[in-house]
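Shared chain: chain A. Partners: chain B in the first complex, chain C in the second.
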Partner chain A sequence: MYDLLRNLDRRWIFLLMLLAVAIPILLQSQFPEKPTGLAKAVFDEIEQLEEGDRVLLAFDFDPASAGELGPMATIFSYHCAKKKLKMYYMALWPVGPQMIDDSINNVIKKEFPEMVYGEDYVNLGFKSGGEGVIKVILTDIRKLFTTDGYGTQIDEIPMMQGVENIRQMDLIANVSAGSAGTKEWVQYAITPYPDDLRIVAGCTGVQAPLLYPYIPNQLPGLLGAIKGAAEYEELVVSTYGDSDLPGIYSEARRRMGPQLIAHMLMIALIVVGNIIYFMERKKGVS
Partner chain B sequence: MKRTVPFLIASIAGFVLIFAYFIPYAEGWGESVSIWFDVLAAIAFILGGGNLLKVHIKKISKQEAGWAYSGITVAAFAITLFVGLTKLGAHPNAQFPDASHWTGQYREVGTSFWWIYQYAFVPLTATIFSLLAFYVASAAFRAFRARNTEAILLLGTAVIILLGRTFAGVYLTGWLPDEVAGLRIENLTVDIMRVFNTAGNRAIMIGIALGTASVSLKILLGVDRSYLGSGDD
Partner chain C sequence: MQRSTIISIVLMAVGALFLILRLATSEQGMGKAYVRAVPQAVDAQHPEGRWQTVASADPAEYWRAEKANPEQTEVRVSWANSIGIWVAAFFTLAIFSFLFGDNPAYKVAEAMVVGVSAAYWMVVGFWEVIVPNLLGKLMPGMIKAWSMPGLDAEPDLMYIVPLILGILLLWRLAPKGAWIARWPMAFIIGVFCGLRLISFIHADFLSQIRNSIVPLVVMTESGFSFWDSVRNLTLVVGILSCLVYFFFSIEHKGLVGKTARLGTWFLMITFGAAFGYTVMGRIALLAIRLEFLFDDWLWLIDPNGRRALSEAVSLLQGSGVLG
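Up next, the complex of A and B:
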């Protein structure tokens, strides 16, 4: 047994990981979610907004991280639409517009067909420059966004009337996979204008530890990885969800099943690896 | 000249941004510099595309090891660029139904660009990202050893976080009474992130910020010109 484990081909580990992820997906295993403080803070920030308030939905991610962040983007859009907020979508990542399209097509057009483009929501599209874009639109949005993401003149869009800059937004909801993302929004938008702007964010697991130093003053709420998304999803769906909600509103919680088994496998591998290590030490193997 | 002009541009732009932050009168200047930066960032895409072609065409022409992959890269780049710029398969804009497909959206459902994005780009990038799970599992098995006190602390923290980020944390320690609720794994996870992680990260961030300020000042004053290259080529 010792020799077998010591010389274990890594392809067996790959196979175990494949099974750990695939079986819960196939069985559609779901586990109860207990929302933590940060997810509640995100939920409360959106909850305290009034109908017609403006929210900037900055989707700074791409398909590589959509497995982790897609459910967050979906549920952010659903929550804002349920609250009847004015939604301003934009992206600092080149493939961000496609992520915005997904939310608009899967959430707004399907669940809220009464919402009108240009009056209830607008897709401002992508602009290059990362933090440079944030700095400019803090004082004048029209200097960079002369049209929306579909080429319509910004002044022809009803909900852009009276919007000079993003400081007029009541909240920024950012979904971030890296740079430019939440860190840049906090550093360049929230920090210089703490009285004008507030932000909540959802980010990848690797990014979350880097964003904790900004909590709670600069970043009141943070959804860390799929776990954070699942907690927030639970809060939103239990508050607003109907029994016949489509599957996309349980995606984050559904993904917690594979995460549980995969994490258990990781712990088991660490334990087995260390047993081998201590046996080697006992035997004097270098 | 090749080094002096770029240095002057960098220096002036940098100082303008610093002054703009502290002097309200100079705010507009800072904004202009930020717009230049955004324009440059857009132009960098062209530069990036050009560089990609240069590197890979060179590899193909010299038939270096793996040149076939370079061929695939160049072909994929050229095809995506072509179908994106020509808006192949796009429908005319609803506002101008009699106009040509040029008025349509390059990324609308059904266009060739959408097809490439949906059936090549999305699955490929998702696959690459997913591979991480397999390599992390293999690395955990082979490298995560309790060799010394620091490693044991790291291991313990990792196990708590791994459990705390799933339902297992709640299941294993949910029975603990409220008086010792802080010992529940999900609460331990939050405390590790909120206290230990935040303290460590803040220290690192302050260090990085001081380093950035120091390096920036050296660049703006022209003490460090290494970013300009050697000037030979």
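Up next, the complex of A and C:
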């Protein structure tokens, strides 16, 4: 057994991991989620807004990270629409507008057909420049956004009337896959204007440890990876969800099934690897 | 023949056999995408719109429409999107195949990703940056007539400066005078250094110091808060011990050495947490690709109820589509 494990071809481990992820997906296993403090903080930040308050939904991600961040974007949109907030979508990533369109088509158009484009929500589209864009729109949004994402003159959009800059937003909800993303929003928007702006964010697992130092003063709430998304989804759906909500509102919780099994496999592999290491040390194998 | 080659051939043969069986035996089929016609520019003279665009539709929507009227064309199979699903499935499997070993399918997929990404960035850069942010500022009338009907602005000649800097940057490609590109590059580096320096000092350095100054004994309205105190104490001890670990002006011996050792533990726990998060992220990415293969391509699962299996099968059986 010792020799077998010591010389195990790593492709068997790949196969095991594939099965650990694939089988729960095929069985559609779902486990209960208990929301933790950070997910509750995100939920509370949106919850305390009043009907008609402005929220900037900055979707700074692309299809490569949609597996983790797509469910966050979906549930952010759903929560804001349920609260009847004015939603201003924008993106600092070139493929961000497609992610915004996904949310608009799957959430707003399907679940909230009464919402009117330009009055209840607007897609400002993508602007290149990363942190430079944030810096400019903090003082004058029209310097960069002369039209919305579909080419309509920005002054012809009813909900843009009276909006001079993003400091007039009541909350920024950012979904971030990297740079430019949550870190830049915190550095360039939140830190210089702590009295004007607040932010909540959802980010990839890789980013989450880098953003923890900003909690709670600069970043009150953070959804870290698919686990954070699942907790927030649980909070929103248990508060607002109807019994016949489509499957896209359980995406994050559904993806926690494969996570659980794959993590158990990973822990087992780490334990086995350590046992082999200590056995080798005991035997004096270099 | 090498053992790995034999295994590859067997795996491909099994996969192909499974696909053939699935296509032959599945009542609903697999790997098809549907679209719904969406009328545009609807007015009194053109109640069905002057032209149509399409939006993606669920298979169940198609089956319902077929059941209601077999002659309908409003909801239909999109061959372009269906081919897209099959191509995406092929590339997903091609990328996965690298786990078994390097192979031509993986190389093709890798080259496609690089090529498509580069082309996409170029197109986006042109339409999202050069057209609206440069040409739209310098020649708004022309750009409005050409590509941005919503644009309404006066010419701003200040944008000649970025135009010149842009041309100077491209001078690098010229056979002579490539050094000219150093001037706009110096401008870009200077601006970003200034921009980033201020934000890092403000958001990361000063704010992080402020965030670290916390009470070690936390008193709330209900009295002493044990867990908040433990949290703050851990934070302060962690910061100080990690700082000592990176302080090399004193030899790490005695108390300093022990504190530095504690700092190492804090760092290791941090790296472990970061690794755990990375694993979670990567598994989520694997999960969505497998979901795509099982749901969109093979139609083995239906988590979003897009095919609403029981309803769809009964509809199809009723309409005779399934025989």
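Here is the rule we use: the second predicted complex is superposed on the first by the 286 of 286 C-alpha atoms of A that agree within 3 Å, B and C clash if a C-alpha of one lies under 4 Å from a C-alpha of the other, contacts with A are read in each partner's own complex, and residues count from 1 in each chain.
We take it that a residue touches a chain if its C-beta (ideal position, glycine included) is under 8 Å from a C-beta of that chain, and two chains touch if they have at least 3 such contacts.
As the structure is a prediction and not an experimental result, all values here were calculated from the model.
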item	value
Partner chain in contact with A:Asp62 - chain B first, chain C second, else both or neither	first
Which of chain B and chain C A:Met266 touches, first, second, both or neither	both
Chain B versus chain C as contact partner of A:Gly247, first or second or both or neither	second
First (chain B), second (chain C), both or neither touched by A:Lys135	both
Touching partner for A:Thr147 - first (chain B), second (chain C), both, neither	second
Which of chain B and chain C A:Gln218 touches, first, second, both or neither	second
Chain B versus chain C as contact partner of A:Val116, first or second or both or neither	neither
Chain B versus chain C as contact partner of A:Ile275, first or second or both or neither	neither
Chain B versus chain C as contact partner of A:Val186, first or second or both or neither	second
Shared contact residues on chain A - chain B and chain C	14, 17-18, 21, 64-67, 94-95, 127-128, 132, 135, 144, 151, 192, 205, 208-209, 213, 224-225, 227, 259, 262-263, 266
Residues of chain B touching chain A in the complex	21, 27, 30-31, 34-35, 37-38, 41-42, 44-45, 93, 105, 107, 117, 121-122, 125-126, 128-130, 133-134, 136-138, 140-147, 155, 158-159, 162-163, 165-168, 170, 186, 190, 193-194, 197-198, 201-202, 205
Residue ranges of chain C in contact with chain A within the complex	55, 99-100, 120-121, 124-125, 128-129, 132-133, 136, 148-153, 195-196, 199-200, 202-204, 207-208, 210-211, 270, 273-274, 277-291, 294, 300-301, 303-305
Chain A - residues contacting chain C, complex	11, 14, 17-18, 21-22, 25-26, 28, 64-68, 70, 94-95, 105, 125-128, 131-132, 135, 144, 146-148, 151-156, 186-188, 190-192, 204-206, 208-209, 213-214, 217-218, 224-227, 246-248, 250-251, 254-255, 258-259, 262-263, 266
Partner chain B, residues of chain A touching it in the complex	8, 10, 13-14, 16-18, 21, 31-34, 36-37, 62-67, 94-95, 97-98, 101, 127-130, 132-133, 135-136, 139-140, 143-144, 150-151, 192, 205, 208-210, 212-213, 215, 224-225, 227, 256, 259-260, 262-267, 269-270, 272-274, 277-278
